[in-house]
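Order as written gives the chain letters A, B and C; numbering starts at 1 within each chain.
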Amino acid sequence: MSRMTRLIALSVVVGLLAGCAAPVAAPPAAQAPKPAEADQTAAELPPVTITYTYGGTVFKDVDLVSEALSEIARKKINATIKLKPIDWGAFDEKMKLTFAAGEECDIVFTAPWINNFIQNVANGNIIPLDDLLPKYAPGLWKSMPESSWDAARVGGKIYGVLNQQIWVKPFGFYVRKDLADKYKLDVNSINKYEDLEPFLKAVKEGEPDVTPLTSAYNWMFETAGFDPIVSQEVPVAIRFDDKELKVFNAAATPEFKASVELARKWYLAGYAPKDKIPRADADAMWRAGKFAMMLASVVKPGGDIEHRQRFGQPVYAKSVTRPFLTTAAASATMNAICRTSKNPERAMMVLELLNTDVEFYNLISKGIEGRHWEWVDKEKKIIKPGPNNADYNPNTDWQFGNQFNAYYIDPEQAEQNVWEATRKLNNESPPSAALGFNFNPDPVKTELANVAAVVKELQEPLTMGMVDPETALPEYLKRLDEAGLQTIIAEAQKQLNEWAKTK
Amino acid sequence: MASIPSPARTRYTRSWLSRHSPQLALNGVMLVITLVFLIPLLVVISASFTSEQALTRNGYSLWPTEFSLDAYNYIFLDPTQILRSYGVTISVTVIGTVFGLLIMSLLAYVLARHDFTWRRPLAFFVFFTMLFNGGLVPTYILITQYLRLRNSLAVLILPYLVVPWFVFLLRTYFLTLPKEFIESAKLDGANDWQIYAHIVMPLSTPALATIGLFCILMFWNDWWLALLYIDEPRLYPLQYLLFAILRNAEFLSANSTASSVLTTVLPPLQTTRMAMAVVAMGPIAIAFLALQRYFIRGITLGGIKGE
Amino acid sequence: MIHLTDAPRVHQQAARLSQTGRQRGFLWSLRHNKLFLLMASPGVLLLLVFSYLPMIGIIIAFKDFRANLGIFDSPWVGFKNFEFLFRSPVLARITINTLLLNGLFIVTGLVASVGLALLLNEVRLKIAARAYQTVVFFPYFVSWVIVGYFSFALLNSDNGLVNQVLQRIGLSPVAWYSSPQYWPWILTLAYLWKSTGYGSVIYLAAMLGINQEYYEAAMLDGANKWQQIRYITLPHLVPVMTVLTLLAVGRIFFADFGLFYYVTRDNSLLYATTDVIDTYVYRALRVNADIGMAAAAGLYQSVVGFVLILASNWMVKKIDPDRALF
């Protein structure tokens, strides 16, 4: 045994030596912006290369697109653009490592759901943009109301550039046009899910090969008027119009109870598949005509067109949610500047191009004209796939900048003027009382982990109607408290009160 | 199972059927077991050649209900990339297996020699790495910043050259070799290297073939190292390429309501998954069949060796 | 004729040799073992670089890791990162499930692999033996994701094959995906389907090392097939079985994530019997993927595995020093 302990000791020493030999130096913080640069013209700016790291397929033609972007950027801001897509399956992991290793990067895609924004702020991976924005990206800065920028604030400072797209969450349902017509469903008359009952019953009885719903799941915070201030995965919320900012357990509300009871009723009635079906499979089954209706989906302007494009079936869509603007939804997709960037000012200028230069933005999101896409109608800005579409088609407009600058890919989108309608919906929706509040999870990391585990375990079957809420709901609430939900609520309330004071 | 009587005594007194009934029964049992294993494999292959619509509508079957090459078309959208990835994977597998076998067999041989003073501490040294590791962050920093191995073939090989599990398995095989061979070689004046090269290695072909096969599989199946350390598609190994294709397609599908799709090919996700299994399995079948003769005993029909 | 019983004698000699080595001091040992050390050095070096150097990162488990501060300057937090595991209300469940299911896999895997190898070894028709072996090996290539699809096609409540069969023979269908009691066995079957072929190769290779003369001698003495297996083949396989089992015991706290996640389709109604440490950690860190907490969970698994393997290795050493790992 003694020899073994000696060996452990030895290995520890080896480890320590290794540590000494390979110190992980923290790179210096980004330099303060050089003030003179803003006024210089492209020719006077020293040439630099700006990298843009984001999620997506590494397409064959990505370097061609980089070059095309650089052509514009060199003329305007004397910058060469290097696109660095990382496959979606690797993006989160690789960004964590890139930051942990202090590797250099300039612009990076970040969001609450991948390459986590709050963690990036907490880890000092991305820098505050308050000074850079008005100076180096005036067009971008003015492209949205100043209050919108609050969604990207953490501790009072702006850390991300919000991509303009659908910012509110009007949850509702999509239903197959043929079945809706056949069973005389007037979607415009539906204002809550309960109203769908007769239609579901008729489909169940009249269409033996069709399951009425992809899932009985219908619970969404926003449908109940709740703002999930911690995470979509944790039932901690405020009412969006509650000026008192009272934080509560969303799972203990009558709204949640009603939702799971409805799910249970429909599940027992056989309106939904008995077992949970993963998203990708549900999609395939939808395409094959196995379902009539999808609940709890975002019903946005032009949503029915996208749905038809993807699934090949015409649909009707109707929202049952009164939309409002939350931090989480508005900050759903952002671009930020890395702490390790050597040229944060120029990176900001590139962000300006991404968000205000229509040609530049469509180059990165759609590719090169004549190669990856072709005009259908130049005036109405409608395009179609080009001969080499497969060599570059990221299909993630929302990732690169202001989506309202995107070319339409379906004539119907132009007809409905989808971007204008979306912008209008964003602007007309009331803000949540907590818009601009970003929760700092650090003080309650332990509780958050255990609560997240309980939510996945017990909330999922409840909301899908697979268990009886009579017994399962009290059990769920008990387990949430055991896992420390009250601690999270108290912490959220504390942070929210402090935030309200600084507002 | 019935006993096999000593052949010398019974050969001419019993009928063909009774002589062969144990073998027939055995083959019967094996056929049933094999079928249990085979059917899902056939279903994978069949599903990969079925259209996504038909697969969703009709479920799995042994023969495609509606023949379609959609899944393969989707994977082979960029055939040069697939071929290049096959090339990367084959190079990594061949180099890795050859050097891995050499290095691990040397280590295992030393661990198997009773007259090596530090064999227990060394065994512990090897074993310890099976349980404890420093985690991703330090490994990543070491490999990318100090060893500067990012985007190289070496990074797909070096970290997997010594697998403790294989080392211990090899050592165990070596330990079961008759000691007399080593002892007598020593008496003949052979040094430890010569004993390794001329006695232990030739006697261990089944063990080496086994570990060699496992190495091949390990290198062939790996996508994790590529995920961490390879950014350039020209160095994507096959499994990582397939992984990336699938995950990117799944991602777009999961975010279907987030964006319009400007594309001519919508990925058939389910059948693509099946086709990927087939694409990844194909070439390895050849390696398996080539190595197999080393672990199936060469007995010919109707006789027992040495009879 | 070669005797297996020679081993202890050689071992004693060797032990005496190394004993004298130690008495004569370090330098003597170094000289005496020079060639051995040289031969082991490439492997040792690789392990040093790729396994031991990064081990400094183990301290991340005790730190509030901040990327901008780096590994060394991030603040110490003691055992705080371990709290989410140790204070988890379901700690008992995930621990027991991990141990029981892995235990089940170790035992059934051993029996199935050895059994299959014995059967394959008896097949006289070479081409048949090869065909069988190829087929049973190939499930190894099928990912757990695909296995998950198959199990769903077999077991789902709406039109699963198993339930159709059950109904046809007059039994009532089972809601498999909400009946956790069946899942230890379903998972075991899936595990065996995928890994038995791989395992049997190891034992087949070991069987090839058995001197044919033993069997001939045994047959002359009138030993039947079963007796030959019992007294010749199996004893010869014991070293391999011991090593594989020992190594598996060391990993008993680590679960095969793919098996538990994809084959159950991460169905929460089944967690009672299928939730293991790895799936729990994955689920818990979904919201706030903390590097320190993930490291803590991994370290906990390693330490427990380490203790278990020290204990089992010590026991094996008591019984037969030659069979111990170290």
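The definition used in the following text is that a contact is a pair of C-beta atoms (placed from the backbone, for glycine too) under 8 Å apart; a residue touches a chain by one contact, two chains touch by 3 or more.
Computed from a predicted model, the values in this text were never measured in an experiment.
Colleague: Determine the set of chains touching subunit A that also touch subunit C.
Modeller: Under the touch definition, subunit A and subunit C have B as mutual neighbours.
Colleague: Counting contact pairs per chain pair, which pair wins?
Modeller: Per chain pair, the contact count peaks at B-C.
Colleague: Could you give the separation in Å between the centres of subunit A and subunit B, each centre being the mean of its C-alpha atoms?
Modeller: From the centre of subunit A to the centre of subunit B is 39 Å.
Colleague: Return the distance between the CA-based centres of subunit B and subunit C, expressed in whole Å.
Modeller: Distance between chain centres, rounded to whole Å: 16 Å.
Colleague: Which positions in subunit A touch two or more other chains at once?
Modeller: 4, 11, 15, 22, 24, 100, in rising order.
Colleague: Quick check: what residues of subunit B touch more than one other chain, meaning two or more?
Modeller: Counting only residues that touch two or more other chains, subunit B contributes 120-121, 124-125, 134, 137-138, 142, 270.
Colleague: Going through subunit C residue by residue, note those that touch at least 2 other chains and give them in order.
Modeller: Answer for subunit C, listing residues that touch two or more other chains: 52-56, 58, 65, 71, 291, 326.
Colleague: Please give the residue numbers of subunit B that touch subunit C in the complex, ascending.
Modeller: Within the complex, subunit B contacts subunit C at residues 1-7, 22-23, 26-27, 29-31, 33-34, 36-38, 40-41, 43-44, 59-60, 103-104, 106-107, 109-111, 113-118, 120-127, 129-135, 137-139, 142, 147, 158-159, 161-162, 165, 167-169, 171-173, 175-180, 183, 191-193, 196, 206-207, 209-210, 213-214, 217, 221, 270, 273-274, 277, 280-281, 284-285, 288-289, 292, 294-302, 304-306.
Colleague: Which of the residues in subunit C end up touching subunit B in this complex?
Modeller: Where subunit C meets subunit B, its residues are 2, 6-7, 10-11, 13-15, 17-18, 21-22, 29, 32-33, 35-37, 39-40, 42-44, 46-47, 49-58, 60, 65, 71, 116, 119-126, 128-143, 145-146, 149-150, 153, 159, 193, 197-198, 201-202, 204-209, 211-213, 215-216, 219-220, 222, 224-226, 236, 239-240, 243-244, 247, 250-251, 291, 294-295, 298-299, 302, 305-306, 309, 322, 325-326.
Colleague: Going by the contact rule set out above, which residues of subunit C touch subunit A in the complex?
Modeller: Residue positions touching the partner: 48, 52-56, 58, 64-73, 80, 83-84, 87-90, 152, 156-158, 175, 177-178, 265, 267-269, 271, 275, 280, 283-291, 293, 310, 326.
Colleague: Please output the residues of subunit A touching subunit C within their complex, sorted ascending.
Modeller: Spelled out, the residues of subunit A in touch with subunit C are 4, 11, 14-16, 18-19, 22-26, 29, 92, 96, 99-100, 102, 116, 119, 122-125, 211, 231, 233-234, 273-276, 278, 339, 441-442, 445-446, 448-450, 452-454, 456-458, 460-461, 466-467, 479, 482-483.
Colleague: Considering the complex alone, what residue numbers of subunit A touch subunit B?
Modeller: 3-4, 7-8, 11, 15, 22, 24, 55-58, 60, 84, 86-90, 93-94, 97, 100-101, 103, 165, 279-281, 283-285, 287-288, 290, 297-298, 300, 302-303, 305-307, 309-310, 366, 373, 383-385, 389-391, 393, 395-398, 408-410, 413
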